[in-house]
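Just so it is clear, A, B, C and D label the chains in written order, and each chain counts residues from 1 on its own.
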Amino acid sequence: MEKWDGSAGTSAFHMPEWMIQFADQKQEFNKRPTKISRRSLSRSISQSSTDSYSSAASYTDSSDDETSPRDKQQKNSKGSSDFCVKNIKQAEFGRREIEIAEQEMPALMALRKRAQGEKPLAGAKIVGCTHITAQTAVLMETLGALGAQCRWAACNIYSTLNEVAAALAESGFPVFAWKGESEDDFWWCIDRCVNVEGWQPNMILDDGGDLTHWIYKKYPNMFKKIKGIVEESVTGVHRLYQLSKAGKLCVPAMNVNDSVTKQKFDNLYCCRESILDGLKRTTDMMFGGKQVVVCGYGEVGKGCCAALKAMGSIVYVTEIDPICALQACMDGFRLVKLNEVIRQVDIVITCTGNKNVVTREHLDRMKNSCIVCNMGHSNTEIDVASLRTPELTWERVRSQVDHVIWPDGKRIVLLAEGRLLNLSCSTVPTFVLSITATTQALALIELYNAPEGRYKQDVYLLPKKMDEYVASLHLPTFDAHLTELTDEQAKYLGLNKNGPFKPNYYRY
Amino acid sequence: MEKWDGSAGTSAFHMPEWMIQFADQKQEFNKRPTKISRRSLSRSISQSSTDSYSSAASYTDSSDDETSPRDKQQKNSKGSSDFCVKNIKQAEFGRREIEIAEQEMPALMALRKRAQGEKPLAGAKIVGCTHITAQTAVLMETLGALGAQCRWAACNIYSTLNEVAAALAESGFPVFAWKGESEDDFWWCIDRCVNVEGWQPNMILDDGGDLTHWIYKKYPNMFKKIKGIVEESVTGVHRLYQLSKAGKLCVPAMNVNDSVTKQKFDNLYCCRESILDGLKRTTDMMFGGKQVVVCGYGEVGKGCCAALKAMGSIVYVTEIDPICALQACMDGFRLVKLNEVIRQVDIVITCTGNKNVVTREHLDRMKNSCIVCNMGHSNTEIDVASLRTPELTWERVRSQVDHVIWPDGKRIVLLAEGRLLNLSCSTVPTFVLSITATTQALALIELYNAPEGRYKQDVYLLPKKMDEYVASLHLPTFDAHLTELTDEQAKYLGLNKNGPFKPNYYRY
Amino acid sequence: MEKWDGSAGTSAFHMPEWMIQFADQKQEFNKRPTKISRRSLSRSISQSSTDSYSSAASYTDSSDDETSPRDKQQKNSKGSSDFCVKNIKQAEFGRREIEIAEQEMPALMALRKRAQGEKPLAGAKIVGCTHITAQTAVLMETLGALGAQCRWAACNIYSTLNEVAAALAESGFPVFAWKGESEDDFWWCIDRCVNVEGWQPNMILDDGGDLTHWIYKKYPNMFKKIKGIVEESVTGVHRLYQLSKAGKLCVPAMNVNDSVTKQKFDNLYCCRESILDGLKRTTDMMFGGKQVVVCGYGEVGKGCCAALKAMGSIVYVTEIDPICALQACMDGFRLVKLNEVIRQVDIVITCTGNKNVVTREHLDRMKNSCIVCNMGHSNTEIDVASLRTPELTWERVRSQVDHVIWPDGKRIVLLAEGRLLNLSCSTVPTFVLSITATTQALALIELYNAPEGRYKQDVYLLPKKMDEYVASLHLPTFDAHLTELTDEQAKYLGLNKNGPFKPNYYRY
Amino acid sequence: MEKWDGSAGTSAFHMPEWMIQFADQKQEFNKRPTKISRRSLSRSISQSSTDSYSSAASYTDSSDDETSPRDKQQKNSKGSSDFCVKNIKQAEFGRREIEIAEQEMPALMALRKRAQGEKPLAGAKIVGCTHITAQTAVLMETLGALGAQCRWAACNIYSTLNEVAAALAESGFPVFAWKGESEDDFWWCIDRCVNVEGWQPNMILDDGGDLTHWIYKKYPNMFKKIKGIVEESVTGVHRLYQLSKAGKLCVPAMNVNDSVTKQKFDNLYCCRESILDGLKRTTDMMFGGKQVVVCGYGEVGKGCCAALKAMGSIVYVTEIDPICALQACMDGFRLVKLNEVIRQVDIVITCTGNKNVVTREHLDRMKNSCIVCNMGHSNTEIDVASLRTPELTWERVRSQVDHVIWPDGKRIVLLAEGRLLNLSCSTVPTFVLSITATTQALALIELYNAPEGRYKQDVYLLPKKMDEYVASLHLPTFDAHLTELTDEQAKYLGLNKNGPFKPNYYRY
């Protein structure tokens, strides 16, 4: 722990103190109940490996090059060929994307600066499996700056930005990923990350659990050296809890998906913007005066409703939970059953995490030109399969936009075939990804530096103080000035001046 | 439990089932950490016994009658004199107030209806100590209808509505309370409730902990028959946790203060309205264009900020917690230190639960006519004492409004002398009180009917399912229609169709 | 005009220039069409003389004194008895009210300061008939400071604040007004203002047209010396247009009611706040989740809808005008006919300026506890008379709140007996009154100083530049910093750098 | 007039009545002052012919075909070659776009239906010059259905959708337009529309005034047969007022740009959505917490501010007009000079209609990554030319996005090179275009059918009743139900039951 003890002691950085402090509370508060219902599989940016992911366009055209990257011989400018990307020559373009992203990821850049003297990840050998985007690149290069060695694969066969992968490979990161991998490519890439002579990972950063799964299946012995897993996605977290429940989790794991900051940004704040963006880019519709029903009033639903109300839409809400339902009422939305409004609404948005929320029966009753889309979990909420019947005609009118046409001419506008609108049809702001990436970096640091015994073979939530630290690293972006407690006030409140500031059950 | 098992089995009422169900989870989730910081003493409607409470005016003038109620001989129309109120003749007026309140307390009325056959509180002997208002009367009469015998005192020497107390006494409730009790009267009234021949309480409903304290001190043996304590206030809950920590809590206690529904209504939703109401009634100011600084962005601060922003004020926020600070940023408020804006703002509002947030130094720097008020905890947030110096002149311009005048003529408008604006200068909507009262009633039913061993000698949070039940009882007010899960969906989500619908750590 | 030509030449004050400038455009733009429909009689703060006006309470109790002021012999401290008020001894209390008002009427105070050297109203003899409140007092004393002599009566038999009238009388203003005048008193007071030996008015400031009417009827010759009339109310303006149409208007008149600034403040901005205030003070209701129908989407309706939507109400709108209706749609409100929602709403608010918008049939169909109130014009919108039938019981539950009870027990909550809620049950912020008063003062200055021929015997709207000037005088309150055009920009836009900045048909 | 006199007499259509009615008022109210300042040249969707216009993408690739359309021999399926488009074979794709547009242009479709019996434009020979998009096609085909013959050119060399032009040509409309015309092509196309043997236009529909200008210059005699001009753009209207002022306007012209409905939709409602859309599509930024300064608080500025505030941005406003400034204050925005905030803001948006609002000096002081864009008039607001200096580096990072880089590395993100963001980087919703197109159609019908003498050789605003009619035709889209006045109410208000409902100076 000395390496990262911040002995320089600037007032804004109190890590070492809390690293010791929160160890006490952790066992009680941060262990998530092992019995986790599927309900908690609410929306996350991360999806399983086969979801399409179109949030960032590929800027350089490589359509003329049909050779599989696996069959190519490529070297970066330093002569290394320990990578596999689409085209190493695209590195320069990718570098610029990374530089642009750096400007909106102030927290990671701050971590890098702090790490010029000390290297909290010195000796860490991190194998990662995430979307490979400019923002991931900033994370990876930050981990490198903090002392870690990294090897990386993509968690999704479509989501890799080839230029960024090239830039990383050019900088010496062993990256194995390209846009449009086959299923076989996917596992091959992962294997190339872990199955290396003379190098064995001691940390895992996963998004979806595929990497973890692969190691469990193929190289179970590797876990002996692994200090911990950091998992970011709902799906991956679910798999970890299942492992834990089954007594098969043999290292500590950090669930960064459910940290406050990440949840609010991924869901409430991000969806408040992406629902508008996704609908506009696909349909060019006007929001004012439109009648909308939003199914589900969790964080995602709250974000969608707030945005649409602000734009002059008339919003109805459906809910199964009476508490969320009462919140919807108090926020000014009519709480209805879907059937009651299905004939009159212009837009149907699902954000429940449930399945078959919009059924064929509902679809049959919608009015002409009704737009149907999903902001919730996976692609189960709208029963899209029920629309694949002979009497209905599908017409692709734009990328991600289908008209489904009834025999009487009625058209339903189905977006992204029922997959996540915000991933498929809008972009995720770098700032949101910055919060996730910072959380991942801190979780890696914590697990890597934690003294023996602090973490058992279980799944942990991020300590509240770390959550607060992630938040504080992002405040300068807004030129936001935090107030500090006086000694007297801290005593009165029974708080440490550096936090954590709230009990664990605090709801924000 | 048979009495209240809902064998009638209407679809909306699933109590018996959950009464068994949640017993399993309870021990794990509902036990609040025994180490509770004073920070959690955030705002509640309940205050200690000496706070003034002016939310409801007394409608009939009794100023001419200076005799102490303790010295009067009064009988109700049925000949009983087991009560002590200001003037039993005011009963009719109080009855009308109660009837009006009943119309806005649908949940309690629904409970009454359900109880026509079964009496879940049959045999219960409840001693209560709360504010005595029309809404409390509806609660008390509901408890009576559910089978309980009640005796009642006031938890605050100012807050009793004499007419309502009279109406209750007239209906046969032994009530001991009047507006303007002395300290001695206060304890005398409490004692008259518990120290009765031939009657011993087996349930306690407390608000502030004074009743509980009195029994501990004077009649500790009574606890042998007491099945549980239901406590509603922050202060009282704090005292219970202290008892528990000290190993002195000898019966189970239910902390209803921290239930989701109550928290959101008492704080976020209620303050969103009462900040406007309190400022208007005291100052007739216009909100549009005013610069306001809100200290603290918890639920209360969030409510205040949302309301003032909506009315066209320009709102600044101060915070100590980086997570709440980031929320303030994302919600569109400049996060500042108080010093940065203190010279320019028109209004300063405190909602921190902290002390000396606004100091004499701040007050010295405010501009002429600046309004200063407190929506937070107790009366500590503004250092009002620092204004009691010879060079400053105090001028009472209206009830609850003081001008504090500096030697150079600058005036600060201080509201409610720094006490809670929402309690002192606005009213609490009956609907909010309905939620609290329903929560209290359900907590009493649960504790009274719980099988041996379900609750230990500890402090429990309200089971989530009960919280959901309180919410569901209030949905009809809004003509809100809840969606029910299909069997298939419930299975998919791993949920019981009747809830609880969320994991305990869910933040709403 | 020399007196007021601003030769001091501060940059912010350009009056003389525009006084000449706008004379050119005036004849074309400012003449309001002589055919004015009753529709334009939309809401104004001013009402006819018999409306009750309770916006400011009388602070000192004078109930013990039943002698008519007309029968009293009173002298102020300087020995003058040229006034008639309730009680000259209340002067000190009234003075404090005036001082408080001065703090929120920055524009008038600024005019006073400017007038220390020059006296633009020197020689003016103004007879006024308005509500007599602290704000009016600030206006009157400003006119005095600008050089005018004033005599004043009340335009409403209930609205006089006796203490303020006393303070004015004490300062030497001949004021003839008290709260609770009889009809006969009313005209007697007016007559005492104009029928004076050795003094003849040359300017009229009227609010409702009664003073103007009295002079026309009793002293038509007085008009020979009168330079102009400034009229503030809808009703008074309507009467002036009728006079003009009939060819009987023998002096120029200024309609200050329809100036942009006044309209927006009296209607949109003021009602946005007063609807909430009026409902809260009368009913203590909670806004969140309530269903509300607002009849009429003019400025008043827009203000009501915006406020209630922001507080979490679900708002429906009715309209007759398709353009306003489309605005309601785009602003996110369901446009309905009253019949469609009357059974389900919790609150009905009228803001149409029309009559019988809410009929007995509607009232019969409302649900129990529905609140009905009027924010529109006069007391015609709700057919209150139709509720005066034997089968319905009226119960006064508070000041301004009646329960009307149907035979089956259903209660309707009628506020202010259908009169204006904002006047009857809330206060008008001083800031709004400041805008009106400033407009009146500037109109008087303009008419008094206008060169021969600038104004004919017609009704004029306030020149846009004056409207802009009123606005600019109120910006410092908000610490608002106006941008000035560069010479180059002014030339590009074809504008004078000092305004007016918009064509006359601009809609704001 | 018989043709269109609505003798069928459905209740919703009262045209003939008002066509007579409003003739009386028109001369007084609808004549716009001939002296029009350049200030009134505020934003409009229409731009001059050389602005780029990228709101709708061309869906079929025609990059392989480099032949100029003027050199091609094309025939539609009926054998006609009286057109000149890029590629007649793209007609089918264009037809589908038109069909989609029809669904969102309910008013024009309603007009078509009404015209099945009567043909109000029978005999009309309309020459048009507008953007050629799917929405224009719906307008053209509606004019055809109403009886008119049309010939059409594009008003902008970039804005033609080739597929739509092909579809129109295929349906028999003589269309002369393609995307990417040269200046010479532009005039050639216009000439081909008017210079036809055996056909002479009697109506002009213009957007920008180029067509009108061409006829004035080349075929002045044509005006003998022309019944009127309908002009939609700010620029074109300005040119017409100049003609009128110079006494050279020889036919009546209708200014449809300044109608209420069009103004509110083009500016307030449309910009409220397009500012978000334009910023998102170009920068993927997050709005929450961002500091934004909006220059100008007219309709466009109001829309931008409302949207950004709703999304959680902190918005500052600059204004030159004190009335608009006061509105900004009351709406909750800090009113500042640009200099005061230029160092701290994340985004600068201009909506003033002025020039050099953002100067090089401002640009020099902006912080790194500041985004600069224009929602106002033309491309003058930001002094983009000042950035073309050697020490600054321009980097095109995406279509419509430039980074301008200072020697110290600071980057400014300039959108659309200072041209209109909403035109360049977002789409205009069909619904908004529907309102414009309907207004144009009604203006053509009115001018064509007006009896001799109703309109002189002058520029007229659209009669208010027509404006109301346009609005009413769009209400069904929102399932909005208008209330009708009773006879009694209409009499009370002095209104015709069918409108117009407001005096001409009403501000909405």
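Methods note: contacts are C-beta pairs under 8 Å (C-beta built on N, C-alpha and C of every residue); 3 or more make two chains touch, one makes a residue touch a chain.
Nothing here was measured: the structure is a model prediction, and the numbers come from that model.
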Query - Result of counting contacting C-beta pairs for A-D and A-C, higher pair - result: A-D
Query raised in the report: chain A to chain D: how many Å between their CA centres?
Result: 41
Query raised in the report: Where the CA atoms of chain A average out and where those of chain C average out, how many Å apart are those spots?
Result: 57
Report summary line: Residues of chain B that touch two or more other chains sit at 269, 288-289, 311-312, 329-330, 334, 478, 480
Requested in this report: Classify the chain contact graph as line, ring, star, complete or other.
Outcome: complete
Report task. Spell out the residues on chain A that touch chain C in their complex, using ranges where they run on. Result -> 288-289, 309, 311-314, 329-334
Query raised in the report: If you look only at chain A, which of its residues touch chain D in the complex?
Result: 96, 100, 103-104, 269-270, 272-273, 276-277, 280-281, 284-291, 307, 310-312, 344, 368-369, 397, 426-427, 429-432, 477-480
Report task. Would you mind writing out the residues of chain C in touch with chain D in their complex? Result -> 28-29, 32-33, 36-40, 258, 260-261, 263-265, 269, 318-330, 334-338, 340, 353-357, 380, 467-469, 471-472, 474-475, 478, 480-486, 488-489, 492-495, 499, 501-505, 507-508
